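What follows is chain A paired twice: with chain B in the first complex and chain C in the second.
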Partner chain A sequence: MTARSTKFGVDEKERFMLFLIAPAGIVLVCFEIIPILIGMNASFREWSLVNPQRTWVGPKQYIAVFTDPVFLKMVLPNTFVLMILSVGVSVALGLALASLLNRPFFGRAIMRTIILLPLTIAPVITATMMRWSFNDQFGVITIFLSCLGLPDVAWLSDRWPSFALVIMTDIWIWTPWFTIILLAAMQGLPPEPFEAARIDAATPWCIFRRVTLPMLRPVIIVCVLIRAIDAFRTFDQVWILTGGGPARSTEVFSVYAYVLAFVDLDIGRAAAAAGIGALIMLFVGVGLYRLVNRSMEVSR
Partner chain B sequence: MGLENKLARALLVGGGFCAVCSSTSAQAETALSICYINHPVQVANVAILEKWAANQRVKLNKTVTSYTVYLPKITQMLTSGANDQCDIIWNNDDWGQDLAQYLEPLEDVPNARKVEVGQLEPFHTADGKTTAVSMTTTAGILFYRTDLISEAKLPKTWDDLVKISQTLQSEKKVKWGYVGGMSYTNTFFSFWWTLWNNSCDVYAPAYERDNKKLAANGWKPMIYSPCQVQTAEFWWDALNSKKISPPGMTTYSRDEANAIFQAGDAAFTVADTTFLGTFNNAERSSIAGKVGIAPFPVGPMSNGVHTWIDVWGWSIPKTLPNDRKTAAKKLLGAMLGDPDGQIEQWNQTGGPPPNTDVWRTLEKNDATWRRLHTILFKPDHVHAAYYFRNWATVHKVYSDTLIRAMKGKREDIAATLKAGSDAIHAGATAND
Partner chain C sequence: MIALALHALRRAIFAISIAVIFVVFVGPIAILGVTSIRPASGVFYIWRGTNFTFNNFVEVLHQSQVVEAMWNSFVLSTLATILSLGITVGSGYMLSRFGGWIQRSWFATIYIFRTVPYISWVLPLYLVNTRLGIYDTYIGLLLPHIAVHVCFFSWLMKGFFDGINPSMEYAALIDGCTRWGAFYRVALPAAMPGIAALAILCWLSTWNEFLFALILSGKRTPLITSTMAQFVTETGTEWNLMSATAVLAMMPALLVTIFGQKYVIRGLRM
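== the complex of A and B ==
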């Protein structure tokens, strides 16, 4: 019998595993854990970028953020509306496009490539393109809509049109991501349930609703979970398109924290806002995670 | 002697020669990094510095930064004590007071004090030493289309501006009467030039920038005073009822506003004089050669034209090693002592020369300069910023409040402005 060599209560196999994950662990500690701890420390201090005295003030910064009417009445609702609408519409469109691309037709390969294009463009560039396309004087889309005889819309200067544009841009960027993942999932589904449904004379819509969708549910929920967390921290599109305006009416969580940090140069309050955002996301993430688990069990 | 020995000796001699050459050249050439934004007048001034850098055997590395990240980046660099990023930085009066404690006093730079009275005060340390030297004077001015409006018919009042605009619009000569930046940080080109020309300001007493006097007056916001309400109503009408300005103007930076003016779609704009060169550049502007400058039209409560005049400057971080500080100061001194370069900067951009001695040369030879000088420097002046820690926050609150008023009903303007008053007061007193 060969005794397994142990050192510090860790056997050779475990040591090898630790060795393999060590680089990722070091990166995680250096670039995630330590900055988070520094940020949390900053959130309990009066910390202006201009005059970094770093005076300890306890929960003052958290109270200030929680009692800020802009944060409560504008920023949080906007963030969740953006998250729900963007993720909801993107997943619906992604599912529709994946279903279309899952069928054989002439030029399918080209279509797949074209649909992926928005994902290959940096969000900053997409947002800049949208901003100028919807410019009220020179915008290509504004002029096109005007030529169709449609009434002029102040796309970027009124609250709801500009917020709609932010959501549209986010959907434009993220629909291809849903499409590609759902398409891959569809192509991995077993053919038997579909054949059985066709023998039972089920309509295509019925097959989609009763067979495809339930079988895709775990994938959809994982996608929604990942994307929802990502949508909560959307910054580029909002900052470039509206800057959170007009008059902060399209401000979302990341823009709120950015303005505190880089316009007001108030690192302490910005860190508190970021901490609150992380807590909110933790609750939302745990909720969605439980939903995923439950759904997985149901689908098994 | 074998071939190998000969080769070895040749390599030794060659290597030694190269080492001597490279060390000599390294000793002779100092490298300086200059950090700035891609603004026409800064680019023109950097060209002067480059010319002198070559002359002084200084290698000038240029770091161009986006305006939106410039201040946080530079502030972080200065407060962390880093001395390996920027040796010369662009400095603006808006944040000159905040940064002064981290910057090298520049009293020993030749010609540093050759500026208009009071222009370097925002850059002073506690003991009154300047931490910046001028690169230009930034001042807003009314630009107009000389092919559409004769000098005799220039608007003197806001009412004139509206009437002339509407006439030109009705004759289909332009799409818009007036266009200007209105979004946050572009407040100067719409709300503020009219505010200052209606005997009004952000805090009472109007035009005061001495923090002690403002504090003695309780940092009283003027945002719901009649002069401010009148100003907001003027812009509401311009956007919504009289329609002399595009309704989307609340979102415009100077980029959008300049694009519309340069496309020939507007009769008037207010912008920094430093865009005169761009407006008259035929490659960039369809109205090149048809652009004139004029004094601001005044509001009903005005007691005379007020212009804003401030310096954009160059500064040197305090933490630099002495040899780089000396080289940077020498370079800035050379720029300030270069009349030809400064006149070239004026010709290219419309940015006034940093050294006021050069103004006298232009006064003799340049009709456009004489006109600009009369418009800008003869009337009373106001500083475009206030000089306390939370000024950027107050500026944003002010901008958001005014834009909210523009998007609401006309009858709600006074109430909307009053709602912003507490935040504007709190911004100034937060650090008391």
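== the complex of A and C ==
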């Protein structure tokens, strides 16, 4: 008999459940939840090297962040542009690549190996090699492009070329991820609908639009959800490629908070910025989750 | 005749697109690789001249900081992998096999904390680490690296266990096995292939992790990614040495991609 001993007690099964999640829960509380609370506390204080008292100043830091023109005009638009363009282009290219690789050809195994490389190499290394390949004077790709007769672009000294390079690097890293997952999903699809479409003399494009895409929809939606959440916190590529420059014009949210904390040494305001980012992500994350659940139910 | 030409055209387009993909993904890596074996004098026009040398690697490996950073990253990745998998396997099993309010609230918790940007909790963690005196030590780096995996890995582990038929565990329970025994002796061995794939990805992601290394490690416990970043921003002109360091740092990734491809793909598909 596993009746509860008291009204608020837990039975043997629930004890086992709590026991299973205890290690993960303790780590989560100590190293994620408590730091977040400390950060929230710091965000209401004047906390910097200049002021060791850490005076309580109320919501002043949040107001400062929200009235900072860099945050409003550069950081927020950049973060969302990066998120939307990177995820959108990677999922489209990933689909295209997966369809290409989803047929037997000579060298397919090699292509599959090569496609894994961007995912296993550290983003720091990827950004380094992109920075070197697109170097203004000696970059192999810069020189190659000017040999093709394209106008010279000073990749890392203007806002939009730098930001384009950041987005391209992000797409280079994440397209393979979509490719691998979508390829696996395509190979797991039942063959009958495709045979039926072929008997009806549908064109390959029509088969892709009307058969493949609808059947892949759930996978695509989950992938986009995971990637969108991760794209919001992009840091490595931006920091190595541009460092947020020129003139802070390519800063994204993580870089902005990092610079406040470790360059300006203003812990209080950095904590406020980090808190705002976490709040934005909470809404985006919960919203996306609902969207996913609803579209999953529709497709079922 | 037209059909034949069309067929040839289609094959040509297919071959060209495969070639383009190949160049796009191999190109930057090849540029880095060639730069790493060029002498300092030949680094700016890497396709001119035929001087190749391995001195860059020798020189880099003589810098104690690089060797130390690689060793630290190796130890940290290995420990973080073992511990992260150890603590999330139970959590994933619980999410998969049980229901009720505990399961629902735990699932909501890990979903919500997965959306929190890393900087939002690593920034205050820096304050905690300096206060506790574990800033720039193994323990101060290890625990956050485990915490970062709790949410996502619990989710992935749930997926492994969802894919395993629970009837074996019910049979074990009926035969007098404890709940713990059913988990440890029956479900865990069945989930092993998935866990092995996850272990490889976990090791690589810790080796590749940059933001934590940048904020939580310093001169005493340098990690490979933060050391590389320092090269780029401080000695940004010695591209031959930098490329050599980068090639060394990407070695584990190359080895895993070539020899453990099956596991990487399996891990990514979750």
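Keep this in mind: the second predicted complex is superposed on the first by the 288 of 300 C-alpha atoms of A that agree within 3 Å, B and C clash if a C-alpha of one lies under 4 Å from a C-alpha of the other, contacts with A are read in each partner's own complex, and residues count from 1 in each chain.
What we mean here is this: contacts are C-beta pairs under 8 Å (C-beta built on N, C-alpha and C of every residue); 3 or more make two chains touch, one makes a residue touch a chain.
Please read these numbers as outputs of a predicted model, since none were measured by experiment.
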Which of chain B and chain C A:223 touches, first, second, both or neither: neither
Partner chain(s) touched by A:105 [first = chain B, second = chain C, both, neither]: second
Chain B versus chain C as contact partner of A:263, first or second or both or neither: first
Contacts of A:177 with chain B and chain C, given as first, second, both or neither: second
Partner chain(s) touched by A:156 [first = chain B, second = chain C, both, neither]: first
Which of chain B and chain C A:95 touches, first, second, both or neither: neither
First (chain B), second (chain C), both or neither touched by A:138: both
Contacts of A:82 with chain B and chain C, given as first, second, both or neither: neither
Partner chain in contact with A:246 - chain B first, chain C second, else both or neither: first
Partner, of chain C and chain B, that touches more residues belonging to chain A: C
Residues of chain A at both interfaces, chain B in one complex, chain C in the other: 137-138, 243, 261-262
List of chain A residues in touch with chain B within their complex: 48-52, 135-138, 154-159, 162, 242-243, 245-248, 259, 261-266
Chain A to chain C touching residues, read off their complex: 13-14, 16-25, 27-28, 30-36, 38-39, 42, 97, 100, 105, 107, 111-126, 128-133, 137-138, 140-141, 172, 176-177, 180-181, 184, 229, 232-233, 235-236, 239-240, 243, 253-254, 257-258, 261-262, 267, 270-271, 274-275, 277-278, 281-282, 284-286, 289
In the complex with chain A, residue positions of chain C that touch it: 14, 17-18, 21-22, 24-29, 31-32, 35, 43-47, 86-88, 90-91, 93-94, 98, 100, 102-103, 106, 109-128, 143-144, 146-147, 150-151, 154, 179-180, 183, 204, 207-208, 210-211, 214-215, 225, 228-229, 232-233, 239, 242-243, 246, 249-250, 253-254, 256-258, 261, 264-265, 268-269
Chain A contact footprint on chain B (complex, rising order): 68-69, 71-72, 75-76, 79, 95, 98-99, 175, 183-184, 246-251, 256, 259-260, 263, 265, 389-390, 392-393, 396, 400-401, 403-404, 407
